[in-house]
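What follows is a set of structures for review.
Common to both upcoming complexes is chain A, partnered first by chain B, then by chain C.
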Partner chain A sequence: MSKGNQVLEEITSKEYEHGWNVNLEADEAPMGLNEGTVRFISAKKGEPEWLLEWRLKAFRLWEKMKEPTWPNVSYPAIDYQNIIYYSAPKKKATLNSLDEVDPELVKTFEKLGISITEQKRLTGVAVDAVIDSVSVATTFKEKLGELGIIFCSFSEAVKEHPELIKKYLGSVVPMNDNYFAALNSAVFSDGSFCYIPKGVRCPMELSTYFRINAANTGQFERTLIVADEGSYVSYLEGCTAPMRDENQLHAAVVELYTMKDAEIKYSTVQNWYPGDKNGKGGIYNFVTKRGLCFGDHSKISWTQVETGSAITWKYPSCVLKGDYSVGEFYSVAVTNNYQQADTGTKMIHIGKNTRSRIVSKGISAGKSQNSYRGQVHVLKRASNARNHSQCDSLLMGDQCGAHTFPYIDVENNSARIEHEATTSKIGEDQIFYCLQRGIDEEAAVALIVNGYAKEVLNQLPMEFAVEAQKLLALTLEGSVG
Partner chain B sequence: MSLKLKAMTGLKKKLLLPDMSTTTTRNINNEIVEAFHQSKFDVAKEYRNKALAFFEKTGLPAVKQEEYRFTPIAKSLEKNFDWSVIQSKSAIESIEEFLIPNLDANILVFVNGKYSESHSTIISPESEVKIKTLNAAFKTDSEVFAPYFDKILNPESDPFAAMNSALWQDGLLIHVPANTHVSKPIFILHLNDAGNSQVISQTKILGILEKGSQLSVIEKFDSRGTHSVFHNFSEEWIVKEKSHLEYCKVQNDAGKSYQVANTIIHQSDNSLLNTFTLTLNGELVRNNLNIIIDGENCESHFYGLYLLNGNTLGDNHTVVDHKKPNSFSNEMYKGIMDGNSKGVFNGKIFVRPHAQKTNAFQSNRNILVSDSATVNTKPQLEIWADDVKCSHGCTSGQLDEEALFYLRSRGIAEPIAKAMLLYAFASEVLTPIKNETLKSYLDNLIAERLQKNF
Partner chain C sequence: MLTIKNLHAKVGEKAILNGIDLKVNAGEVHAIMGPNGSGKSTLASVLAGREDFEVTNGEVDFLGKNLLELDPEDRAREGIFMAFQYPVEIPGVSTINFMKTALNQIREYRGQQALDAVSFLQLMKEKMKLVEINQSLLSRSLNEGFSGGEKKRNEIFQMAMLEPKLAILDETDSGLDIDALRIVANGVNKLRNKNNATIVVTHYQRLLDYIVPDYVHVLYNGKIVKSGSKELALELEAKGYDWIKKEVAVA
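And then the complex of A and B:
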C-alpha cells in the first residue's frame, strides 16, 4: 500500500486552487452587532417597518440564546462583536443585462470555470449570482416571468412581493429555532426567493452562486422557496470561497415549502475555503436548512456534496406533514486535513404513509473528523411511515475519525424503520483486483471512491454533476471522475 | 472533617449545594446526601466520601442530559421514595419460587440490599472460587480487590455509579484464582420485598477472573409487594488474560420497581466474554453495560432482549470500547414493546486510534405490538482507526403481514400465529447460552410471556 499512501500524501498536500480575492469596494456596516447594526442593515436595504420589527424581535431572542455546544466539533470561541455584518458591492444601479455587471465580477466567475454567459448560453441555467450579500445579476428572469415563476433576490422580493414574504418567511425555520437561525433572522443580508405557481413545472434548473468576498464579512444568506400545488422546481446552490487566514462565519438559512403534489429538489455543492493543511483559517459553515412538505403527496429532496469549510454544522431536514409526502437526503461529505464536519438530516414523519430515504457517505482523510448525525422521528399519527437510512464512512489514513449518531424515535407501531451503517477503509483486495487488471493504484483508488459516492452523485442534475466531481477531485486528488 | 461532624453540618450543606437546573431535582439530591450523612458505614469510608463529593457536584441526571434523555429517573425517585427511611424489613421466608428449577449452582441471595446467609448455599470449594461479602472482604482481603475497587467503574462516569459507591449497603467479592475452571455456575438472586414498606437497596459486586480461569454467572432480579422498590446496582468484572466469563442477567421485577444497573467488564488479551440481558418487568429499568476491550485478540458477544408491556420503561445503554488491535465484538439486542411501554436503546462502539483490525458489529431490532408503545434507539459508532470493519443496523416495525397470512392460511388462529412469530423473533438471542438448564428456563419464560399476552 505504499503507493496508496503516496496517493493519499498527494491528496493531503494539495493546495486550494480556487483562492483569489476580488477588489470590490465594499460598503460596510460598522463592526459588531447591536440593535443599531440591525437597524442599519434594514435601513440600508430600504426595508418596510414590519421586516425591521421582525429582525429586531429575532435579535432580542438571539441575545438571550446560548451558542450550542452539542455538535462533535471544536473551534475557538467566536467573537460576535468582531464581525462586519453587512457589506455590499458599491454599484447599485438596476441591471438588465450582463454587460452592466461589474467586469471584475464576470472575471471572477470565469476564474472559477463557471462563467455566467457560458452557462446562460449553453446550459439554460438561470443564474442569480450573489457576491457579498447583494444580488448583482439575475438572468433568465423574463423567461421565467412568462410562466409566472418568481425568482429574484430576497430584497427585491421584499419590495415586490411583500405578501408572499410576509406569509412564508420563518414559516419553516422559526426565528427562535436555534442560535444561528436567530442570528441569521436578525442580520440576514440578502439571498434568493423563488415562487413556483400552481401546476407549473420549472423548465430549467435554478441556480445561485455564493461567494464570500470582503475580509471579516459574515455571510447571512436567506433562501426561501415556495412550490405551490402541483409544481416542480430543481434548485442548485454552489459555493467556493477565496483563501483567507482568519475564520469566517457563514450562517445561512434555507426554507423550502411545498404544497399539495409539489416537489422541490435542492442540490448543494459546497466548497468554502477549508483552511490550510495545518488547520489555519477556513470557513465556519453553520447552516439551518429545512423543508416542509405541507401538502399531501408533496416531496422534498436534498442532495449535498460537502468538500469545503473548516467546520460544517448542517442538517438539511424534512418535515413530512402532508399524507403520502416524501423526504430524501443524499449526502457526500469529504473532510481532509483538520476539517471537521457534523452533518446529517432530520426526517420528521407527521402525516400518514410518509416515506423518507437517507443515504449518507462520509469520507475522512488526514486529521479530520467526520460525523453523521441524524434523526428519524415518527410521530403518533404517522401510520405506515417508512424510512430507510444508510450511512457509510470511509477512512483514509489512521489519524482521522468517523462518527455516527443516528437517533431513531418511533411512536407508531405500523412504521417501518431501517437503519444501517458501516465503517471501513478501501480494501486491499479491491485494490489488488484492479491492479491485476492493469489499472494502476491511483486510478483504482479513484475508481473505488467514485463508486462509493456514485449513489449520491447520480442524484445531482447533469450540469452540476460535473462540477461536483471536480470539487470532489480537488479535495481528494485529481482521481475522482 | 469527620463523618459525625459532617452529619451535623448536613443542614448547612443544603444551602451550599450548587444550583440545580430544576427545583425538583434539588430536593431529591439533598435528601440523598442527607441519607448518606445519616447512615453509619463501617468500611470503605474514603471511597464513599470521594464518590459522595462527586455526587454532590452532579446530582441526579436531569431529563435534558443526553444520556438520560428518555429516562426521567430523578422525577420517579422523588415522587415515590422517602429517602429518610432506607432500611426495611423483609417478611420473605422461602425463596423457592424465585430460583431456577434444577439449576445446580452456588446460590447467593440478597434480600432488600443485605446479603442473606440463611438463604445462600455455596457448593464450590474455596480453592475454585472465593466468595465473600464486601463488608467482610474489606477487613480481610483488601489486597485482592484494592487495585480494582471503584477504579474500573469510575464513580465519575455516572451519577448512579457515584451514588452506589457512596451508599452501598452490601455486596460481594468473587475471586477466581488463575487457571481455575469453576465447574458450578454462581447464581445471584437480588430479591426486594416491599410488602411492608418501600425498599431502597444499593448493592455492589466485584468479580475478578485471574489468568486462564473460567466462570459462569447468573443474576436474577425479583421483587414483590405493593410498595415502591428502588435498586441501584453496580458491578465490576475483571476478565484477565485467556479467561472466559459467561454472564446472564434476568430482570423480572414486579410492580412498582425502579432499577438502575451499572455493569462494567474489563477484558485483557485473549479473553472471551458472553453476556445476555433479559428485561421483562418493572416500572423502570435502566442498564448501563460497558465493555472495555483493553487487550488483543479478545472476543465479546453480548445479547439482550427486552419484552415490555404495561407502563414499563426499559432502557439499555451499552458501550463497547475497543482500545487495542485485533479484537472482535458482536452485539445483538432485540425488543418487543406492548401496552404503553417504552423501549430505549443506545449502543456505542468506540474504536480508539490504535485499535486497528477491529471487527465490531451491532444490531438492534424492535417490534411495536400496540398503538401506544414507543421506541427510541440510537446506535452510535465512533471510529478513530482506519483499518477496521464496523457496522450497525437497527430496525423498528411490526410483524410481517405475509408471514402472518402464511400461518393463518394454514389454519393457525391469529393470536397463536402472532405469538409464534414473536417467539421466533425473540428466541434467536438465546442461541448463544450454553447452560441447558438456564436456556430452557429462559425459553419457557419468554414463551409464557408471549402467549399470555397475545
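And then the complex of A and C:
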C-alpha cells in the first residue's frame, strides 16, 4: 500500500468531529404529515389565520406534486410520514440577555467553538441562533434597531412585522416552485428575517448558526432578507450537525429581495454531518435559495462553501429583473467518501444590461460524486446581458466523479456569454514537491486545495474565510491516493 | 555527512542504479555528471525519497540516520533540499505562503517555535537580497507563468530560506540563459559554507564554471565509473562522454 493510501485510510476512519447530542426537552409534533400537522405547527406558533391558510394552500399543492428525480444523486425513497415536522426547545419566556439562555445551548455553542458571548465581545457579529427550528437567542438587536434594521426570527417577524412578511413571503420562491419549496412552505418551523431600510448600510455581518438536533426531525428553515433602496447587508449562514444514523431531511427556503441600488451578500459555510465513511447516515440537504434583483442597479452575491451533508442539492440563483442588476455565484463544493453533490446556480437575465458571474470549484475525493449544474437564461428584452462562467473540477484519487451540466438559453442576440471549464487532478508531482520542502501530505493537500479554491474563499468575510479554509483541509485530509 | 553504499534502484522492472558508492563531507561540492539516461536524476530523486523508484539494495547514511527509512518530508526536515529540474506549479499558492508552511513544519519537527510574521518577513527580505529575487515574484502563484530563469531562481530562494545541510541541484542549469545561470550560481555560492554540502547534478560543464566543485563523478549505466577533481569536468567537455563509454567497455 502506498503512503498516500495509508494516510487516506487513517484519515477517512476519523470520526466526524462535531458529533454529539444535546438533551434539550423537545416539544414535538406527532410523526407524519397531514393537514393536522400543518395546523399543529401554525397553532403552536400562534400564527394569524392568513399564514395558516398560506401553509394549507402549500400543503395541498405539495400533495399533488411529485418528488423530482432529475438530479445526479441517488438515495433511498424518503418516507414523508416517518418524519417529525416540528420540534422546539421549551422556552420559559422571551429572552432579554444571554444569561437567560439555556445553559445546554450555551454548551452546544462552546463545543462548536462559537461562544455567543465571545462573538459578541470580539467580533461584533450579531447572532441569531437557531437550534431545532426555533430561535433562542438574538443579540445586537438594539443596536441594529437604532438603524431601523430588523433582524429577528421568522416567527417573531410574523408577529411584529406582519405587513412585511405578507408582502414578501413567497415573492421570490413561490410555494409551488418545486416539491421541496412547497413542503417547506407548508411546514416551515422558523428561520430568520432581515429588513434593511432605505439607504442603510448594515454595519456588521449578520449571522445565523443552524443546528439540527433532535432525532428524526426534519429541518425546514425559512429565511427572508429584504434590502430596501440603496441599502447593503452581508449575511452569513453556517452550520454543523450532530451525528445521526437515520438520514435527516433538510429542505430550507431562502429568499433575497433587493430594491433599487441595494446589495445583498449572502455567504454560507455548510458542514452538516456527511454520513460515515461507508456512506451511512448524513443529512439530505435539499434547499431552494433564490434572490430577486428587483430594482435597477441592484446586486446579489452568493458565496458558498459546501463540505458537509450526505447529499447536497441546491442552486442559489439570481433573477436579474432590474436593469443593470448584477448576480454573482461563488462556490466551492467538496465531496468525500460517499457524499453526493448536485449544485450550481441559475442566472436569469430579464433586465437590460444585466451582468452575472459564476465561479464554481468542485472538489471530489473518495467515492463521491460531484456535479455542477448551472443555467444561464437571457430573456428576450434583456439586451446587452453578459455572463461569465467558470467551472473547475478537481479530482483526488481515481474512484470519484466530477460532472458538469451547463445549460445556456439565449433569446437576445446582443448577449455575451462565456463559459470556461477545466478538470484537473492533484498531481503526485505537486504533492512530492511539497513533501520535499518538509510539508507533510495533509498540509500539502490543504495548501493545494485552498490555493485552488482561493478565488471563492476570497469572497468570504474574513472570519468565515479562516473557518472555511480549516474545513476544506479537514474534509479532504489524506484524500490523495 | 552523506555516505552511499552499493545503492541499487529500479523503476518498474528497469534497473537504473546499479551500485552507487559516494561519500560527501560537510563543506564539499560534488558534481555528478554523465550522459543522458545514466541515472543522474534518479540518484537525486532516490535521495529525496521519490516513491516512483524502488531501492533494491544498498545503504544511505545521512548524519547518522538511515536515510532510506525516512519519509520524504522527514528527509527535508533533517536537512535535505532538492532544487527541481522542473519545479511544479501550484495555482493560488504564493511562494511566500508556501515557504511559511514549509519553514514552520520544519521548525516544528525540530522542536522550534513557529516564526511570527515579523521574523518571517525579516528572514525573507534578507534571503531575497541574497539570491536577487523580487518580492512581486514571491507573491504570485508558485511557478505559475514563471519563466525558466524565474523558476530556478525561485528554487534557490527556497533553498536559502530553508538553509539545508545537503542541497541537491538537479539539472539546475537546464533552460537557463547565461545571465540567469550566473545569478543562480551566485546564489548557490553565497549559501556555501563549511557546515553544508552540495551535490550538483548536471549534463554540461558550463554550470561548473560558476559553481566550482571539489569532486567530479561520472555516472554511466547507473554506476560511478570515474571520479576526479574539477579538471575531469573540463576533460569531459573537451572529449565528450564517448571515451568514458569506451573505457567502461574495455574494462
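By definition in this document, the second predicted complex is superposed on the first by the 446 of 481 C-alpha atoms of A that agree within 3 Å, B and C clash if a C-alpha of one lies under 4 Å from a C-alpha of the other, contacts with A are read in each partner's own complex, and residues count from 1 in each chain.
Definition applied: contacts are C-beta pairs under 8 Å (C-beta built on N, C-alpha and C of every residue); 3 or more make two chains touch, one makes a residue touch a chain.
Computed from a predicted model, the values in this text were never measured in an experiment.
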item: Partner contacting more residues of chain A (chain B vs chain C); value: B
item: First, second, both or neither for A:401, with chain B first and chain C second; value: first
item: Chain B versus chain C as contact partner of A:288, first or second or both or neither; value: neither
item: First, second, both or neither for A:429, with chain B first and chain C second; value: second
item: Contacts of A:439 with chain B and chain C, given as first, second, both or neither; value: second
item: First, second, both or neither for A:454, with chain B first and chain C second; value: second
item: Contacting residues of chain A [partner chain B, same complex]; value: 70, 393, 395-425
item: Residues of chain A that touch chain C when the two form their complex; value: 2-3, 427-430, 432-441, 443, 447-448, 450-455
item: Of all residues in chain B, those that touch chain A in their complex; value: 66, 351, 353, 356, 366, 368-371, 373-398
item: Residue ranges of chain C in contact with chain A within the complex; value: 48-51, 71-73, 75-77, 81-82, 84, 87-93, 97-99, 101-103, 105-106, 109, 141, 158, 162
